[in-house]
Amino acid sequence: MNKVVGSVELAIEGIQNGMTLMLGGFGLCGIPENSISALVKSGVTGLTCISNNAGVDDFGLGLLLQKKQIKKMISSYVGENDEFERQMLSGELEVDLIPQGSLAARCQAGGAGVPAFFTPAGYGTEVAEGKEVRIFNGKPHILEAALTADFAIVKAWKGDRFGNLIFKGTARNFNPLMAMAGKITIAEVEELVEPGELDPNFIHTPGVFVQRIFEGKNYEKRIEQRTVRTKTN
Amino acid sequence: MLNKEGIAKRIAQELKDGWYVNLGIGIPTLIANYVPDGLNVVFQSENGILGMGPFPFEGEEDADLINAGKQTITAMPGAAIFDSATSFAMIRGQHIQLTVLGAMEVADNGDIANWKIPGKMVKGMGGAMDLVASADNIIVAMMHTNRAGKSKLLSKCTLPLTGVNCVKKIVTNLAVLDVTPDGFKLIERAPGVSVEEIQNATAGRLIVEGDIPEMVV
Amino acid sequence: MNKVVGSVELAIEGIQNGMTLMLGGFGLCGIPENSISALVKSGVTGLTCISNNAGVDDFGLGLLLQKKQIKKMISSYVGENDEFERQMLSGELEVDLIPQGSLAARCQAGGAGVPAFFTPAGYGTEVAEGKEVRIFNGKPHILEAALTADFAIVKAWKGDRFGNLIFKGTARNFNPLMAMAGKITIAEVEELVEPGELDPNFIHTPGVFVQRIFEGKNYEKRIEQRTVRTKTN
Amino acid sequence: MLNKEGIAKRIAQELKDGWYVNLGIGIPTLIANYVPDGLNVVFQSENGILGMGPFPFEGEEDADLINAGKQTITAMPGAAIFDSATSFAMIRGQHIQLTVLGAMEVADNGDIANWKIPGKMVKGMGGAMDLVASADNIIVAMMHTNRAGKSKLLSKCTLPLTGVNCVKKIVTNLAVLDVTPDGFKLIERAPGVSVEEIQNATAGRLIVEGDIPEMVV
């Protein structure tokens, strides 16, 4: 059992024009930087990207947007990105906006073999248009469908050769859910370790969900909103 | 009349010991600065943390520790970190006692619109639709009127909705109001604001019963 | 924020005749031993117990069965318990058998505010009787409803005053799911620690799901099937 | 004819490198003892572990480490432990490449009955219904006939079903059979067992095409 691939190029092998990808991360936190760069270089196009956000102009998924490699974004929030805005308003880019909790639950459901579930989120709004409504305990809910992807690409803190992953801080976010929902799941990690080095009790993503793993290089881990306080004496 | 800090201070008075609270971006974020002494309140950020602390000291920022506004934060002792599905399980499952968020419009039946202006760039609803559809206790923090001077407390929202029949209380620069089956019920006036001023600034049904006290902030 | 209660008696305060309880554990592994003993002493009766198993004759939920305190069991597997069998065959005890994965998912859904979801498990069997069937991707699924309980009682390895829990080994099982689904959740732990002692990155059950916590005493942790191998030279 | 160990050995030949496998109680459990050398297979137990290892050495049993049969086990290096919902997410989401379980009856359309005998004490289905409804690749390990000598390979199950149209392959003491749209297809005979013996012991539709090789165990 060795899921390690020798390079990021090998990791993304098989990602073809028109495919659906899931990409972990919240804002620029916990995004698969190496894989995104390799996708840009590969020139693959017509992608549908499921990702909570769409990066910023010059980082994250913004890099794929700049090269017009993305046909459609499925996200919950896409601000802070001028090129995104331009493509969306011009109609070049399709955008499907989904409530954040529903997005998370739909990825999890996709990975868990649950094809659909009811949620109260979005009832009475345009998100509910065309969706079945049913009342449970006096409260209206809408039926949401599972999401899956040809490839899921996630970023973890540490991972082992079996694909077991652990995440650090809020860089966890959507990564474990998307890892479950990819037909093929690629994990890039800051540190690749041997099986047995990660405590079995504290694995965030069991290796069964991961098909390819590699140690990424030169993580920039850019901070989107640097907020600090000053020490007072 | 209250400024943004004043609105946050007033809402902070609603906090109860032991509550888990989700604060939206903008005015709600300021509430964390005004938690009454002796009250233990745990802040959740929907990107995956319970026990969010203040901003880090300069030089101690961690790119892997942010809030839902993408700001660098710290974790309090006893914090817990989790994935987005677990985070919204807390929200949808009503384990969070209070949600405070901003709004563009609130209707007197509790409908809220805060995510989309037709014809303008749509950034997305983020977690707002999950939060308003799920929470038992939702307070809206906003200015009573928009920049054009028009009321944001309406009989019916004109903008695309974020959620229906969900807002329980509104704290604005002018007043504290409860959302009741009969409309907005005026609870308190902001310092120096008259009932008439509030009536003039409120387009939806407004209930004024008896003397309306001035709030103490 | 201090959820610590001073005794197991205080922990189970408010559990009344006829209530629905969830109890964590798989077989005798990870069961809330102290709370079960206290329930036996309390004499509370007419309980509906949601638990994957029903203990053995003289341990776990078997102790409550001996005293006829349970009206109904909702479980996936109830073997290895003579008194259970006697009460079930005599009609004294109602039994609702649920596929194990559906039981787990229904508890999780109950805690997550998802009132119902589709699963393939049980389609075409008596489990599907009276349930809505719908085809997704050519495969029939049945609609299963969320489960919740008046009280959920779980057993963890360590927990802090805020109710954050970690579990050890396969004693995790149903405990984190049931912790989410109780209107009031009681956690008994082998070791109670101060907030900050548990790494925030590796909390299994965030404290928000737990209302009461206490350090249990004299854990027997009985082994149901002691299987070993012998060392060969 | 094969004994239980023989059935396990034969099924072990179906394993492929890198597979995640769930083994049911009884004969399936024995398969772990016969994994071909050089093959890396990870065993899942549905109570919440991937990378289940052999039984512990005497004195090293851990009450907090059991399999779904409630037996004390060990964890292999690289194991992962998780809750029951995650465990069945793996199963339902088809992340497990092979499920092997026992059966009381299998029908020639792939239906399986293995959890309930009317009039007898019902112990419950445990995880069996989730496993058979979800897995793409299900092998049944069982004796060809029951204790009364009656065939367990039927045209239609008589006992309450565990799942429908799900069994892909059956390995018995007499034969290896694939479940096809036209019925049980005989693939291999057990050592010393004739096609006639298999025909006599099979009540459902049986397809015998060409020479049927004797299995090598």
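Order of writing sets the labels: A, B, C and D. Residues in every chain begin at 1.
One rule holds in what follows: a contact is a pair of C-beta atoms (placed from the backbone, for glycine too) under 8 Å apart; a residue touches a chain by one contact, two chains touch by 3 or more.
Model, not experiment: these values are computed from the prediction.
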Chain D reached from chain B - shortest hop count over touching chains: 2
Chain pair with the higher count of C-beta pairs in contact (C-D, B-C): C-D
Label of the chain whose CA centroid is most distant from the centroid of chain B: D
Averaged-CA centre spacing for the pair chain D and chain A, given as whole angstrom: 36
Centre-to-centre distance between chain C and chain A (centres being mean Cα positions), rounded to whole Å: 33
Separation of chain C from chain D, taking each centre as the mean of its C-alpha atoms, in whole Å: 28
Sites on chain A at which at least two other chains make contact: 105, 108, 112-114, 119-120, 168-169, 201
Contacts with two or more other chains, residues of chain B listed in rising order: 49, 75, 81-82, 85, 88, 91-92, 134
Those chain pairs that satisfy the touch definition: A-B, A-C, A-D, B-C, C-D
List of chain D residues in touch with chain C within their complex: 45-49, 54-73, 75, 81-85, 87-88, 91-92, 111, 121-130, 133-134, 160-165
Chain D-facing residues of chain A, complex: 1-2, 108, 110-114, 160-162, 164, 180, 194-196, 198, 200-201, 203, 206-209
Partner chain D, residues of chain C touching it in the complex: 26-30, 52, 75-79, 85, 88-89, 95, 97, 99-105, 107-108, 119-127, 157, 168-177, 204, 221-231
Complex interface listing, chain C residues touching chain A: 105, 109, 112-120, 134, 136-137, 141, 166-169, 201-202
Chain A-facing residues of chain D, complex: 17-18, 20, 40, 42, 44, 49-51, 75, 77-82, 85-86, 88-96, 134
